[in-house]
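First up is the structure itself, then whatever we jot down about it.
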Amino acid sequence: MERAEIIGLSPIIIEPIVRAALAEDLGRAGDITSDAIIPAEARARGILAARQPGIVAGIEVAATAFRLLDPQTKVEVLRHDGDDVTAGAAIATVAGKARALLSAERVALNFLCRLSGIATATRALVDAVQGTRARVCDTRKTTPSLRALEKYAVRVGGGVNHRFGLDDAVLIKDNHIALAGGIGASVSKARERLGHMVKIEIEVDRLEQVREAIDARADVIMLDNMPIPDMRRAAGMASAAGVVVEASGRITAESAAAIAATGVDMISAGWITHSAPILDIGLDFESD
Amino acid sequence: MERAEIIGLSPIIIEPIVRAALAEDLGRAGDITSDAIIPAEARARGILAARQPGIVAGIEVAATAFRLLDPQTKVEVLRHDGDDVTAGAAIATVAGKARALLSAERVALNFLCRLSGIATATRALVDAVQGTRARVCDTRKTTPSLRALEKYAVRVGGGVNHRFGLDDAVLIKDNHIALAGGIGASVSKARERLGHMVKIEIEVDRLEQVREAIDARADVIMLDNMPIPDMRRAAGMASAAGVVVEASGRITAESAAAIAATGVDMISAGWITHSAPILDIGLDFESD
Amino acid sequence: MERAEIIGLSPIIIEPIVRAALAEDLGRAGDITSDAIIPAEARARGILAARQPGIVAGIEVAATAFRLLDPQTKVEVLRHDGDDVTAGAAIATVAGKARALLSAERVALNFLCRLSGIATATRALVDAVQGTRARVCDTRKTTPSLRALEKYAVRVGGGVNHRFGLDDAVLIKDNHIALAGGIGASVSKARERLGHMVKIEIEVDRLEQVREAIDARADVIMLDNMPIPDMRRAAGMASAAGVVVEASGRITAESAAAIAATGVDMISAGWITHSAPILDIGLDFESD
Amino acid sequence: MERAEIIGLSPIIIEPIVRAALAEDLGRAGDITSDAIIPAEARARGILAARQPGIVAGIEVAATAFRLLDPQTKVEVLRHDGDDVTAGAAIATVAGKARALLSAERVALNFLCRLSGIATATRALVDAVQGTRARVCDTRKTTPSLRALEKYAVRVGGGVNHRFGLDDAVLIKDNHIALAGGIGASVSKARERLGHMVKIEIEVDRLEQVREAIDARADVIMLDNMPIPDMRRAAGMASAAGVVVEASGRITAESAAAIAATGVDMISAGWITHSAPILDIGLDFESD
Amino acid sequence: MERAEIIGLSPIIIEPIVRAALAEDLGRAGDITSDAIIPAEARARGILAARQPGIVAGIEVAATAFRLLDPQTKVEVLRHDGDDVTAGAAIATVAGKARALLSAERVALNFLCRLSGIATATRALVDAVQGTRARVCDTRKTTPSLRALEKYAVRVGGGVNHRFGLDDAVLIKDNHIALAGGIGASVSKARERLGHMVKIEIEVDRLEQVREAIDARADVIMLDNMPIPDMRRAAGMASAAGVVVEASGRITAESAAAIAATGVDMISAGWITHSAPILDIGLDFESD
Amino acid sequence: MERAEIIGLSPIIIEPIVRAALAEDLGRAGDITSDAIIPAEARARGILAARQPGIVAGIEVAATAFRLLDPQTKVEVLRHDGDDVTAGAAIATVAGKARALLSAERVALNFLCRLSGIATATRALVDAVQGTRARVCDTRKTTPSLRALEKYAVRVGGGVNHRFGLDDAVLIKDNHIALAGGIGASVSKARERLGHMVKIEIEVDRLEQVREAIDARADVIMLDNMPIPDMRRAAGMASAAGVVVEASGRITAESAAAIAATGVDMISAGWITHSAPILDIGLDFESD
């Protein structure tokens, strides 16, 4: 996916989150180290530099942190969200009052490293399934209060988003099925009581349930931890019926290719948001 | 550290964070899946069960999620924060209205898995340095808006906390030193302008700076990415001077033992909060 | 739709909205009238009574207002959300401290009357299309900050909800089409860049666009202000293609039947949320 | 009333309300339609045009919505709050990034249409009583959380405001009177316990109570649903005593003239805020 | 004024303020002293005791602090708001978990001491004018964000409240008069453009202005720093005209009696909220 | 301390507090006096002038109030925070729209007078101990929700800050000692369970406890209400052991010199924040 095609994030969403993070870090007295020992008028210039290869995500979020502490801070973006960087690559430069740069540094990096880590993990999965019809998507296993940002990072990495919350799509899992009286009853109740703009997905883990789900006219069928051969048959059945199929269950960059080869439409992975290590990015101050 | 000795978290801090996470997940329409297909009066019982071995952290946070959606929900805690669990171990049971349990499940698990992941990572480091004088601590490389919770998880794992923000202690890094005119000037300015309840730490990366820092009467010296032999000499010098020494710089469970053996007082690690994978914990509903 | 089948609202969503409304009304000094002239220990009992026939919606919201001012207030619900009431019907009784009842009265009624008004308007449309396949739905023309509540009231009235915001489904309108390069390009770009859980609707106002939209594989086609005969043909084309069709554009209880008879699946109406008059409900205090 | 004489609204009050409305509509992913299919650099120009005649109110609120999504958006106001517009009249133009215009459109219109609807309803009442001494005012029957805006719209329509909440003036109703021990006791307790900057109004529904209220030295007497002849006598009695008289109770544009002719000072109407239909205003994009 | 007659404060107003104060004090880690060294199960009992004589105000606010940290905490109120206490008097007892008591102590006392200080200062003024017709009132010179509480404390001390903000009454000062074109123009513009529930006060500092203000039909005239003889004449003129008169300008407990003797209706004093010293109250833990 | 050396306050901390104060004062209708009677286009110029001698603090906070109501307002600062002003001194000028200046006036002054009052009180204590080694510090006896601002004012006055909350340093008081099992146990438990960046202070009131505290290796010893001779011996003992000593307990500008002469390092005083009278500062509008 090209950079210009990433679905972005409104400042209305970004700003309050960054403001809260700065407030959390500044506490009740602010950056006592910088304020105590660095002259108010001192200026500095720094480079946000990758310490390891990966995909950049969150530059605008990081820039917001610097600008909120001092609107005069100049942020020059050298590599954009979605760009592939090598270790040592300069991602952006920041210039302005030294105190403001130092005070915003950690918050800016905490966002940038985390989001880039998610984008990098996503890209690994995306690359692993290249050449197949499968697309990579995320889950609701995101960090509390950062879902909008983390799902953005998944998009930056080349993935697409699964639902954003409990309210924007239906996902019927095994426990729902048991309590609602079976696959058919579950889907038809949801269809009847909800509007026409809501997609209905149902999770199955056995092949015979796939047929039931197709007959129930689910929009999407999630194959949970299914053996590869079953998955292939399920993908075939669903494809014939015009139903989207999503594979799920601890899918890694290693296992993804084989799963994608079964013909599923979607591969969802929780770890790209809940367990991706950060992409190490640092802020190097320049000597004059 | 025994369970009773963990410094806890006030509900005043926990509740707004969990409430925000539930609001994020429920969005504008709530859990449309459960509400559409599960009878309002249906009741259920589930077990929070570990899917892999590790240290539990955040049970009270998870319980808060369940109780906020339905105050009648019964949460029985079987394993407490700080307990070591094996794969399959039951951590807690939840019982109540089926809809409320299902609607709270993901938020409860997102907190519990993440915090337990941090505690587990911390414990690995703590175990690695056992028998030495070194204690393990965290950094400010935490998830924006979750610092209080993540630092709690570090305590649960047997670590202690480094500063909570920019305002509760001084940490003078290389960029500060350059802008403030050297180690001696930095420490003395901070000492002069700040109160007597603030500890002053200074980061050094060369042995000759250790002497300067001791002479400047810093409370704590951080050795950043220093070679082991230098670290040993630095630890000796500082110990003789009654100054606390902290080792820092990509310290892993593998490298920690050797570093601890140098005699440093503290080992700080950013990855235990920013890159620890979650501890996989699931919610299994019981059949009656 | 039976009462038990209405998709409800979580207290997590209701409570902050009611709390804000009470704070708005109490201001900086509270209910100075009641506090100044009514004894603190005085108790009262009142009946929420309909002053005109209609559909009740928002009883739980109103009850929350009374309970937030005094948790001891007893609210007995006599008619539930979705119930059809006649003028004079008792909807609920409230009993407790007189001051608390009087202080909460206006906020409770402001919610209850407005939501019941929306439910009543919705029911009129629903009744008008009875016997056809058409279902009634709402729009995003809701009161700022009350969307969750107002869309709930639509459900109470027997309608279903269109999308809740800009982020949970795609609706491509004429301006989008013009800027994006046509119907086909619009739908395919949306399909390609968004996840599989998002429905895509496209608005058309001429019959030839219906074919384009079907070919573009839109999930839903909105017929905007189309003449009845065209609407009938469009409904036929879409039905044959398995595409959902929504009629839109100033549809009233009078015009709805004829539109529904064209075979459309959905009828959406903005006025049920933006211009429905309230259902007049009052609080009558009982003499002892 | 001339435009310049309308008591305005501070940005301190407007901005948080508009920001909350945008956040409600953008949800967790923003405007996925526009972001997915419209090029980031595309620009557009639109006209806010009245679809029916009425009084404009809320232009600055609508403009705030556009500017919050993109501070570069140019808003040119052609007709100001309080202006009388005909169907088709251009009220303002907006020009800027196409995505930002489309994303803000619904929120801007939701405010503008609602507030203009209230102003239009108010103006109808104001016109109906022209030539009498009566002024038109509102009630506390406003939309929860929008009271400041809706009462502003009443001012725009030529009305004045009754109290803003429970705390800025006293209004003693029948239930208060019963619980407090009569009209005389009610007014004197309020007068004694409250400060000198608070006006005291008492609601009566029988002529004999008017005398009691005058004797009790109420500042304002509200005549609730009183027959016209009684109202005339009450107005005369009050006028002679220098007490302000307010008529209340389902007063419509039709019944207002006769009521005003009785000589009352004020006519208050709840429906101008709780049941006024919106003024239909749309955003027409221009072709280049 | 008897205790039962004080206009109280709703929990809807109190609770968010106390919650914010606790959050401010607990910060990101809570009460690390108590949590680190006091056993979780330890219980304690303490007495809120006056260290100096004065008027108690804010007991419920203090109790809220204790209860928010632990709902099980028992608070027994021995002396109520408005009570006169001597040094050493027990005001209330608190009993519960030792950690919760210690963690809430400072916040509870910060509120209680401040509010009691204001009540005590107010009572001194009230006592000074006893026997005259003058009542004591406050100003808008209150602590930012605590106005509701501080004005409550003034009521507890026996005073009444001046306006609560810029929006609930009109106060025309010298600068307004200059910009608006004189006393007559100021009052008549305000009367014309504002509703009938708003009192209009005008500040004057010369005797000739009093006549102008009476002729302009102001509701209240504020005499700002006027010499006693002029004040007496002004009071007489206003009284004859049925206009309320308020004396203002650095009025102390010493100067109040002479001012009250002039026959003014109100005496307003800013220092009772902005410069009253706290009433010293401590929390004594009991040994068992 | 020179002006440039005062540890400042970030706009991230200041702005939300000022915004809340303006919202509190503007209420639901704004400044109805100015809006009703002063022409929208009227401009004015005013001087913030000291009415009594003292130390200025909070100029930036006051300026924020003016700028938030109208970003075009020009604020020219003539005397900076920390400057010593005489009665009549011009502190700053403000120029802009008359309505905005008048609407912001009270909030700006409420902050400026309070903070300057605290700085002035602090400076009195600082001056009293000049020539000794003692420094002046504050306590947690601050106004709820204004701690960050009030502790800033203490710094402006030449003091330093004690801890900012319960979470950034340990202070073990008599009740803690009793519940934790003595001085030695208290300090060692705190040391063991908390990180290395936290200072530990212990309060003692008898000389024999000083030795215990030194032996327990507390970082700071607070002498609470100790007789001067004991204080001198305590200071000597602590100094010899390299432990910081803080004197506490109703220390006034009168008693401070004698206490400082005992050789203590720190003198803490609650009254400088909880009972300092404001510094009277007014806003004088200029005639043209």
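We call the chains A, B, C, D, E and F, going by the order they appear; numbering starts again at 1 in every chain.
The rule is simple: a residue touches a chain if its C-beta (ideal position, glycine included) is under 8 Å from a C-beta of that chain, and two chains touch if they have at least 3 such contacts.
As the structure is a computational prediction, the values presented were derived from the model and not from experiment.
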Co-neighbours of chain E and chain C - touch as defined: A, B, D, F
Chain located farthest away, centre of chain B as origin (C-alpha): D
Type of chain C:chain D copy interface by residue overlap (half), same or different: same
Repeat of the A-B interface, chosen from C-D, A-E or C-E (over half of contact pairs identical by residue number): C-D
Chain centre separation in whole Å, for chain D relative to chain B (CA means): 52
Between chain C and chain A, distance of the C-alpha-averaged centres to the nearest whole Å: 32
Intercentroid distance (Cα basis), chain F paired with chain E, Å: 23
Sequence positions of chain E contacting 2 or more other chains: 7, 24, 26-32, 36, 39, 103, 147, 161, 164-165, 167-168, 193-194, 198
Category of the chain touch graph - line, ring, star, complete, other: complete
Complex contacts: residues of chain B adjacent to chain E: 4, 7-13, 147-148, 151, 161, 164-165, 168
Complex interface listing, chain B residues touching chain F: 1, 5, 7, 135, 137, 160-164, 167-169, 193-199, 201, 220, 244, 246, 265-266
Chain D residues touching chain B - in the complex, by the definition given at the top: 24, 27-28
Touch list for chain D against partner chain A, complex: 19, 22-23, 26-32, 35-36, 39-40, 68-69, 103
Chain E partner contacts - residues on chain F that touch it in the complex: 17-18, 20-21, 24-34, 36-39, 42, 44, 98, 102-103, 106-107, 109-111, 113-114, 117, 140-147, 164-168, 170-172, 175-176, 178-180, 185-186, 189-190, 193-194, 198, 271, 274-275, 277-278, 285, 287
